[in-house]
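Chain naming follows the written order as A, B, C, D, E and F, and within any one chain the residues start at number 1.
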Amino acid sequence: MKKIDAIIRKSKFHEVRQALHDVNVYFFSYWDVTGVGHEKKEHLYRGVAYSSSDIQRRYLSIVVNNDFVEKTVHAILEAAKTGEVGDGKIFVTPVEDAYRIRTGESGNLTLK
Amino acid sequence: MKKIDAIIRKSKFHEVRQALHDVNVYFFSYWDVTGVGHEKKEHLYRGVAYSSSDIQRRYLSIVVNNDFVEKTVHAILEAAKTGEVGDGKIFVTPVEDAYRIRTGESGNLTLK
Amino acid sequence: MKKIDAIIRKSKFHEVRQALHDVNVYFFSYWDVTGVGHEKKEHLYRGVAYSSSDIQRRYLSIVVNNDFVEKTVHAILEAAKTGEVGDGKIFVTPVEDAYRIRTGESGNLTLK
Amino acid sequence: MMLCTALVFFMHLGFSFLEIGLTRQKNTINILFKNFFIISAGLVLYALIGFNLMYPASFWNGILPDYFVGLFGLESPIGKEGLDLAYNEGYTYWTDFLFQGMFAATAATIVSGAVAERAKLGSFFVFSILLIGLAYPLVGSWKWGGGFLDEWGFYDFAGSTLVHSVGGWAALLYIMKLGARIGKFDKDGKARAIPGHNLPFAAAGVLILWLGWFGFNGGSVLSADPGLTSLVLTTTSIAAAAGGLAAAGFVHIVYKNFDLTMFMNGILGGLVSITAGADLMGITDAILIGASGGVIVVLAVSLLDKLKLDDPVGAVAVHLGTGIWGTLAVGLFGSSASTDQFLIQLTGVGIVAAFCITFSWVVLTLIEKIWGLRVVREEELDGLDQAEHGGMTAYADFRMNQH
Amino acid sequence: MMLCTALVFFMHLGFSFLEIGLTRQKNTINILFKNFFIISAGLVLYALIGFNLMYPASFWNGILPDYFVGLFGLESPIGKEGLDLAYNEGYTYWTDFLFQGMFAATAATIVSGAVAERAKLGSFFVFSILLIGLAYPLVGSWKWGGGFLDEWGFYDFAGSTLVHSVGGWAALLYIMKLGARIGKFDKDGKARAIPGHNLPFAAAGVLILWLGWFGFNGGSVLSADPGLTSLVLTTTSIAAAAGGLAAAGFVHIVYKNFDLTMFMNGILGGLVSITAGADLMGITDAILIGASGGVIVVLAVSLLDKLKLDDPVGAVAVHLGTGIWGTLAVGLFGSSASTDQFLIQLTGVGIVAAFCITFSWVVLTLIEKIWGLRVVREEELDGLDQAEHGGMTAYADFRMNQH
Amino acid sequence: MMLCTALVFFMHLGFSFLEIGLTRQKNTINILFKNFFIISAGLVLYALIGFNLMYPASFWNGILPDYFVGLFGLESPIGKEGLDLAYNEGYTYWTDFLFQGMFAATAATIVSGAVAERAKLGSFFVFSILLIGLAYPLVGSWKWGGGFLDEWGFYDFAGSTLVHSVGGWAALLYIMKLGARIGKFDKDGKARAIPGHNLPFAAAGVLILWLGWFGFNGGSVLSADPGLTSLVLTTTSIAAAAGGLAAAGFVHIVYKNFDLTMFMNGILGGLVSITAGADLMGITDAILIGASGGVIVVLAVSLLDKLKLDDPVGAVAVHLGTGIWGTLAVGLFGSSASTDQFLIQLTGVGIVAAFCITFSWVVLTLIEKIWGLRVVREEELDGLDQAEHGGMTAYADFRMNQH
């Protein structure tokens, strides 16, 4: 099992979600984070112009079985891309075990 | 050391917290996420009925020493269960090192 | 590659950010979490005094190449410290792979 | 006068803001719905029944308005008069109706605040309909309709007893029957805080209510006499200010803390306190009455906590506690002060209490039997917006904490 | 009267709150800016052009006010009179101007709500300037300026047609040209919900509007006659209450749900419905007209969804739907009811409709050609606050969900 | 008139909303507490001391009101008159007191906005008590109490100088002594933005203030003369609209951006500008004065940034900058315009400036010595709600960003 964490643009969320759906990934959790990176945004507030590299992004956390890793990553890579600086990153980390609370079962089948 | 990430129903949070307390787990961090999964909720807004599988859930992140993993997982499994679709998941991932900022110390003792 | 997760006081965020900058760590994501730990805060609401160990903290998630781990951790350890209970923790976990969505490239160079 | 009516109407925004501000976000829609219902149903009901019940031509044995005995038709009793208006400068039949209708709804709104976050919506509606349609106008008729309390010389200028304590008693009985919200008291019975989710709303609510009181008390002069009206506005404001300062000061001494919510409740306490005698008091009286009202609210809030009664917005403390105090104060301060007056006030308070307690107890027991008063545990935990309003969320774009 | 003007002014806060409450947080700044612009530009414009256009000394063929033909100077036409005031108790030239100026801005605000979250700011400004400066006063002059509609006996007390349906038609045409927000309809054309982000604001907006209507209708008596004014306030409030109850009740029957947003729209529907004949109706009439208005709003909202028209705040349903209904109701209920009157009302509605549709269609087509009506896709997804307001965020310290 | 008092009271909600809207959420409770204190303490204080000080029977050397020299008892000086009211239609002793008391509190509220997010609560209270109780009524007595400024022919209709610039000078001195908020200026002294956390509140505050100004200026006619009052309301509204448009337009030209916060400040600038001469101006004058006021605000905000003075809500720019401008404008526009008048206005502005600067400097230096003006660094970073209000949070159920 692997955990795939993707940090994407908020405006790309709907497309990514659809792409995941298309490769049969129906389960994940997401929340909003502030990303610090290359991209900068211009702001103006009461006559003070400033640029900030703190940009709101969406963080998706998806745990999948090993055979799903590749297609999940690819689905995100394609759907989240605009080609402009600030598209975000995907990280893959190992997961040792998973449990489904409803049934108490553990292992690969919890992710189906 | 392991990191135990649990995604649970918000309404079960108080019980889970109590259960963790009962097995001497006093430290953790939590935040709210949107979960996408099997469960669906019906909504009605200005005459438009719709159902959504985006449901607010609570994400708990608990780093424990290896000998604590089992009882922590079991405490959550029991306290967070309702038996209905949507109870959530628990994931266990490896942690290589931990530091307590206050003292600068690292390793197992930071988790006590 | 490693993921460095740091849970710090909100009031220390600006210093930590500066410290990371000083060791050339320009990329990370952060969000706010509620931390449960030793520290307690006193509250008063409509004549009811209560103390709570649920304290708002900031969660920083930084993925770095292996040769950056040490200086990143040290930068945080120093900048986030007040010496009082509640300074927070740092956890290091393994990351297997990283992708930059903009270019599709993967591996170490995505973190530069 | 008509603008006083507008201000009293505006109080309903004040009540709504106060109530949602001091409760949790997961019940916000529910509270708003409740308040919209009260004001709407209140007006229609008062037009159909209440107004004639409260200002009857005659009484049966001096207690039951004859209207109640006789006519109870479906056809709206007002409306008959058509445009045959007997008014004395700025004060007409219609204005009167509207002004009184807004008052009637106020009594139910008080209850709404106290039972928030756990009461079943339908059952609450039944209760408020009976309160607005029957109990309030009946009690009102005893004094303002020229009934026996009026004959005895009982004084209640703008409703410390007739509006606020009627609502307050009903609220008290309701929360006794209903029980506390889950989590309000821990296993040992110690009170815990359930902080309100939007204090700026609550603060705005208090200021709007203060503004509305200008209409509430100012309008109760029932004429456009500028001398008396301006005196009333002055005593009202001074009492509010004194109530807030006293409550905040008192809490500051006890807890070493600047407590905004108590400042707010103190202001409301000052306002309710002065309501019974706003036209009889001087500046110094107003300060004393208001300040005592502020302290009474603080004490009443603690008392309720000790009695394990759960009143999220402090409605009982404010409206019942200082409603009684204000009514009695007419016998202690100002131009009508005398032992006789005090005893009459006390009797009035007692009779209204007896009636309201009995009425509420009977009605609530019946409703409990038939539909139940409280939502089930899961619904309460999930929040009433989820359970009763199709999962509409008050703040769809905000990340929330839930508890 | 002057205080009625204040209340009508206050309606602009009501509209702003309603509009931001029912839309997404990412467009909040944009909506507020729009509303500030409308009220400010509306007043200045109305001073420079509109007022004289609407209340002309004479007409050219009874249709075009002569003012329009003659003078169109830059120097403010009012202002000339100086302090030479001809007033009849509480009602002056200046009051009249201010009161009417607030009305004019209202018509544009209605459009603003319907086109929210996707209209280009600059283009919208051009449209509202033409609406406030030309279309509204022109239509208004036909009736309130003593033009041909007035001569025919068309009745519109406070603007069900002259204000609300003028705004409503413009809104309808605008959203037809503009298209729905991204995500409002799915691939199969089924309507989806885009929940508003702050329902307490929306609710406050409705109550403030209700309050403002006291000024809107009360002030339209155009004198301080307490008898008539108080009747108007009573019918207004009763219709609002009935509209809300009817809409909520109707939805409850259909969807088994207590729907707050429909309660709110129902109240507004009741208010708009009664506006045309508030001074002609009795209590029972007001209840019937208001309640029908409430039901009409619910049906109109569904109808728009079916037509794939996207109106985030329900402006078309409320102002156009019940604006027409209210105007026709003058011929059906109350003291002027007659077949003749009904036909005249119908004609009036038709003429105004024809004019507004043509006007809006021509103007919008031109604007579309020159600047475009809609922001580009990315700007809409990011939110207009980002695109047009330098990334200012309405709620900087809050964690938001974006969608 | 009494309703004007109600509107002026309502301005305090406007100020509160504006202030919390433009600051960070972590200081919300603190700001609300401050505002509740000011209005409450202001009223009580003004009743006990200020009113008699401001409207004395006689002067000592034409400068110090005799009241100040003589009586300073604890017993409330008003209240003695009892119900012996000498009023001229709608205008009584009590109304006057209440209206003036609300004004007095306004001066302190201005300061409150400027010092937000870092001032020590207790020290601020001491300062406002002295400002409301001494400085404001003293300055007021020079003109409105019939003192030497009045004799010289200085004109200030509703307080551009007497209310707004008194508050403005005090605010300026206070923020100079206090220093900027941590993070407002970076190491190189460049200004950085600290965005307000709830712009809808801020926008609502502006609209409520505009509404309140109807009472502020309208009520300052001090009679119910409909002709003059309606002129005043018209010039007030037009100036506000022009101020907002000018400010927004000016920013749009400079920054290519629709800046809502500047629109808001421009409206307030227009309102303050017209306040000194609202009854002397025509429409065109009002537009010019208001529009200049709007531009002045924008420039003043930048100027303060350059001087490294930190005023979170723009209180100094709005109330001081345009307060001075408005006072001078009386000598430049409208029916009193003349070089003589201009010089008198200038002298008046200068004298008030000299007095306020001295007063504030002395008082602030003393307070700084005794209690300190500013909270400690940690408390500022954590937010004052945490430090001074027992960790009460304004938005308990919301996820917040903190900065």
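Simple rule for what comes next: a residue touches a chain if its C-beta (ideal position, glycine included) is under 8 Å from a C-beta of that chain, and two chains touch if they have at least 3 such contacts.
This one's a predicted model, so the numbers in the text were calculated from it and none came from an experiment.
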Subunit F and subunit B - chains in contact with each = A, C, D, E
Give the fewest steps needed to get from subunit C to subunit D, where each step moves from one chain to a chain it touches.
-> 1
Separation of subunit A from subunit C, taking each centre as the mean of its C-alpha atoms, in whole Å | 19
From the C-alpha centre of subunit A to that of subunit F, how far is it in Å?
-> 50
How many Å are there between the centre of subunit D and the centre of subunit F, using C-alpha atoms for each centre?
-> 34
Rounded Å distance between subunit C and subunit F, as computed from the means of their C-alpha atoms | 44
So subunit A residues touching two or more other chains come to 31-32, 34, 43-45, 49, 93-94
Among the residues of subunit D, pick out those that touch two or more other chains and give their numbers.
-> 3, 195, 198, 255, 257, 259, 261, 389-390, 392, 395, 398-403
Every chain pair in contact, whichever chains are involved = A-B, A-C, A-E, A-F, B-C, B-D, B-E, C-D, C-F, D-E, D-F, E-F
The residues of subunit F that touch subunit A in their complex are 191-193, 195, 251, 255, 257, 259, 261-262, 265, 298, 301-302, 305, 314, 401
For the subunit A and subunit C complex, residues of the former touching the latter | 2, 6-8, 31-38, 57, 59, 73, 76-77, 80-94
As the complex stands, subunit D meets subunit E at residues 1-3, 5-6, 9-10, 12-13, 16-17, 20, 28-29, 32-33, 36-37, 39-44, 47, 75-76, 78-79, 82-83, 85, 87, 89-95, 97-98, 101, 121, 198, 201, 388-390, 392-399
Subunit D-touching residues of subunit E, taken from the complex the two chains share = 3, 7, 24-26, 195-200, 203-204, 206-208, 210-211, 214-215, 218, 226-227, 229-231, 233-234, 237-238, 240-242, 244-245, 248, 255, 257-261, 263-264, 267, 282-284, 287, 395, 398-403
Going by the contact rule at the top, pick out the subunit A residues touching subunit B in the complex.
-> 1, 3, 17, 26-31, 61, 63, 93-102, 104, 110
